[in-house]
Amino acid sequence: MEYTPDKSKIAKRIARFFKSGDIVNLGIGLPTEVANYLPEGVVITLHSENGFVGLGPVPKEGEEDYDIVNAGGMPVTILPGGAFFDSCTSFGIIRGGHLDYTVLGVLEVDQEGNLANYKVPGKLIPGMGGAMDLTVGAKKVIAATLHFDKGNCKLVKKCSLPLTAKGEVDYVVTDCGFFTVENGKFVLQEYFKGYDPDFIIKNTPADVIIAPNCKEIDI
Amino acid sequence: MIEKPIMKAEEAVKQIKDGSVIMVGGFMGCGTPLSLVNALDKQGTKDLTLICNDTAIYNPDKNLVTGVAPLVVDKRFKKIIASHIGTNRETGRQMNAGETEVQLVPQGTLAEKIRAAGFGLGGFLTPTGVGTEVENGKQIIEVNGKKYLLELPLFADFALLKAKKADKAGNLIYSKSARNFNPIMATAAKVVIAEVDEIVEIGELDPDDIVTPFIFVSILVLNEKKNK
Amino acid sequence: MEYTPDKSKIAKRIARFFKSGDIVNLGIGLPTEVANYLPEGVVITLHSENGFVGLGPVPKEGEEDYDIVNAGGMPVTILPGGAFFDSCTSFGIIRGGHLDYTVLGVLEVDQEGNLANYKVPGKLIPGMGGAMDLTVGAKKVIAATLHFDKGNCKLVKKCSLPLTAKGEVDYVVTDCGFFTVENGKFVLQEYFKGYDPDFIIKNTPADVIIAPNCKEIDI
Amino acid sequence: MIEKPIMKAEEAVKQIKDGSVIMVGGFMGCGTPLSLVNALDKQGTKDLTLICNDTAIYNPDKNLVTGVAPLVVDKRFKKIIASHIGTNRETGRQMNAGETEVQLVPQGTLAEKIRAAGFGLGGFLTPTGVGTEVENGKQIIEVNGKKYLLELPLFADFALLKAKKADKAGNLIYSKSARNFNPIMATAAKVVIAEVDEIVEIGELDPDDIVTPFIFVSILVLNEKKNK
């Protein structure tokens, strides 16, 4: 069994969590791709932390409105029915529990549900942006990550990097499978075709247990 | 964008049960959803807790009954949290007779407590009320040598709001000073019912003008009387 | 020397404090009358705590818009350039020190700058409304009151009623004179024609001293 | 209604002196008042403290310099308070070299700290940052068994804002997601300078649509380039 990184599996699987009416914030990078894989008929609302709900697709070239950007500063659009507001309101929505899901990238995620994704001391210190508010505020926090990066598993026993949030991660979706975080362990709920529970457990340095109804998914 | 259910007032208030905590928008009756108030009163639900700026006007001599006053007169509340009850003599009577518990909160503190609930804050420090009876039972925290009261968030089961216009997604726009507590209460209740004078198609409201984004609103009620 | 109650003197004198550009909140009742006596050419902005700035005059009969009311719930108007906002913003303006003056009515005001105006235990308990926020928030707090009510002076050594605010009153204007509150005393700055400092000191149970440049005003 | 002074950007920033604390609106450059930023940069004022969501984009390889980035590149700041500096490599370089002090604040906390200053609160309790480095040096207060950080207000001497439209009284309306931190910063600085694309007569803006009431605004600057 060999590992082949595949970000699309992560985005595809996460997209299946949502039901119509959900309010979702997708982080910059990999999480943004989730929007491309929504099942047909599922209508969700995307929240953009810089100040609106109803985030729409990237505009065609030449049709950019530079007053409508996403949290990465790139031109996007707003859907009919969307609404703009200031940053206090935007983070009030986040902190106040009005988001159903937030999907965030990962430097490290551990079996206690801790997430580190904003800082590598002495190297990369971009800052937390909205990530700390998103993790404490959203009803469900989904960590989205390749299972391995340069040979290192991103799912660890205990984060060594500064935390973005303590004990807030509910779900971890990698390109190998979908895990819940429960009672200090990763619980494998689904493994994706091409991998099996043995491979995942052997190659993940954290404590992983297999859910009673764990199943293979062809994604 | 998903459309919100549009109901008659009678239908919308059905979920409100005895003992619920309700927030009602308005200031001296201005910006209070009267169809919802009347439907709730008719329904007879009791032992409610009311969170509202005031209990509006009840003056039988002048035949004046505004805002939430009918609910007070019909004794629907076991507790009232408000900043002002002076223009509704029945509230004062019930309070003095021990029939209804009344908790008076400074108006700015009341507004901020509701916002804190809606916006996920554990509380806030305000200078308002320091050195007065309002500080009783509250933690006093000093910041840079100045005293503040720690005030805690205030949540509700239901918010009953009045807006001028909604689109079918539930975005709201208010009319003039009838805005008052309505947008704040929209954030702090489990179920938010908005009574509006007009419902337009999704996309008809300018996203720069929307005051309450649709994500806060659960149910729309069209005010057929455009009562004021 | 005999006391004749005259509210208009109070309103007239208070109106002279203001300069163009000031943002002012006038309480219900007597303070509201201040707006009728603004000196010519002085343009101030009135704040209405229920949610706007730019409070205008009472509308003509038949032209009332019941969506524009003042803090007493009575129909008023908004001037061109005025703006509506929610109650949190309205009290943010108050608490944040953005008002130059607030003018409030009085049950008792004492020489420490304490104000009682919202409650008479066992009798009248209307509630504080916005008064507690206004007194702590406005840059200058003006207490407006008849000097005597049913023979009792409203300026006392120490308030006996529950306080609206502790030590926040800057100026007291009665129909006998204008006082500042300094170092635990009322300081008489002006006495109005018909009264003199002796009369005021003799009939006020609080400590009153006379300012060095105290003068008579014909108001 | 009194009219506000309308100035050229160069004139408006003259009051900003070495060592001032400035807030600048914008999010990755969107909603940042570029005429004011450029005038301030040209003026050469130094040792400033910047409060801004981020330090925008500085990427010399792609010839990209947006928002407040020119001020960073020209080393106008002794201290930067922001939620994100990852897209401006010069900010990171100055921080790592110890040339500029950088304080990272979670974005929602940053917004709320500014609002607390503008709205007269002594602080607020937020769950954001509990159990992270952000809690270092802060008071932790438990409410109903949940831990919160006590965050304090953040004031400035000057706020530099970008709005779409002003009336001559200084009422402001923003454009789309260029609103972001601008209305909040309007409340929290001693002097508020708003750069706008259009100035209309008093009375031309609908009082229901105004986002920043004129009472917060000190000076208007007309953005003649309508730069973005």
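By letter and in written order, the chains are A, B, C and D; residue numbering begins at 1 in each of them.
The definition used in the following text is that a residue touches a chain if its C-beta (ideal position, glycine included) is under 8 Å from a C-beta of that chain, and two chains touch if they have at least 3 such contacts.
Because the structure is predicted, anything quoted here is derived from the model rather than measured.
Visitor: Just to be sure I understand: going only through chains that touch, what's the smallest number of steps from subunit A to subunit D?
Guide: The fewest touching-chain steps linking subunit A to subunit D number 1.
Visitor: As a test of understanding: of all chains, whose mean C-alpha position lies farthest from that of subunit C?
Guide: Greatest centre separation from subunit C goes to chain A.
Visitor: Roughly how many whole angstrom separate the Cα centroids of subunit C and subunit D?
Guide: Distance between chain centres: 36 Å.
Visitor: Suppose each chain is reduced to the average of its Cα coordinates; what separation in Å results between subunit A and subunit C?
Guide: About 56 Å, centre to centre.
Visitor: In whole angstrom, how far does the Cα centroid of subunit B sit from the Cα centroid of subunit D?
Guide: Centres of subunit B and subunit D (C-alpha means) sit 33 Å apart.
Visitor: Which residues does subunit B have that touch at least 2 chains other than itself?
Guide: In subunit B, 112, 115, 120-121, 126-127, 174-176, 179, 207-208 touch at least two other chains.
Visitor: What are the residue numbers in subunit A that touch two or more other chains?
Guide: 52, 78, 84-85, 88, 91-92, 94-95, 136-137
Visitor: Line, ring, star, complete or other: which describes how these chains touch one another?
Guide: other
Visitor: Determine which chains touch and list them pairwise.
Guide: Every pair of chains meeting the touch criterion: A-B, A-D, B-C, B-D, C-D.
Visitor: What residues on subunit C touch subunit D, complex-wise?
Guide: 20-21, 23, 43, 45, 47, 52-54, 78-85, 88-89, 91-98, 136-137
Visitor: For a test of understanding, state which residues of subunit B touch subunit C in their complex under the given definition.
Guide: Going by the criterion above, the answer is residues 27-31, 53-54, 56-57, 66, 82-87, 92, 95-96, 104, 106-109, 111-112, 115, 126-134, 174-184, 211, 228.
Visitor: List the residues on subunit D that touch subunit C in their complex, please.
Guide: 1-2, 115, 117-121, 167, 169, 171, 187, 202-203, 205, 207-208, 210, 213-216
Visitor: Which stretch or stretches of subunit A touch subunit D in the complex?
Guide: Per the touch definition, subunit A meets subunit D at residues 48-52, 65-69, 71-73, 78, 84-88, 90-92, 94-95, 114, 122, 124-133, 136-137, 162-167.
Visitor: Quick check on the complex: what are the subunit D residues that touch subunit B?
Guide: 112, 116, 120-127, 141, 143, 146, 148, 150, 152, 173-176, 179, 207-209
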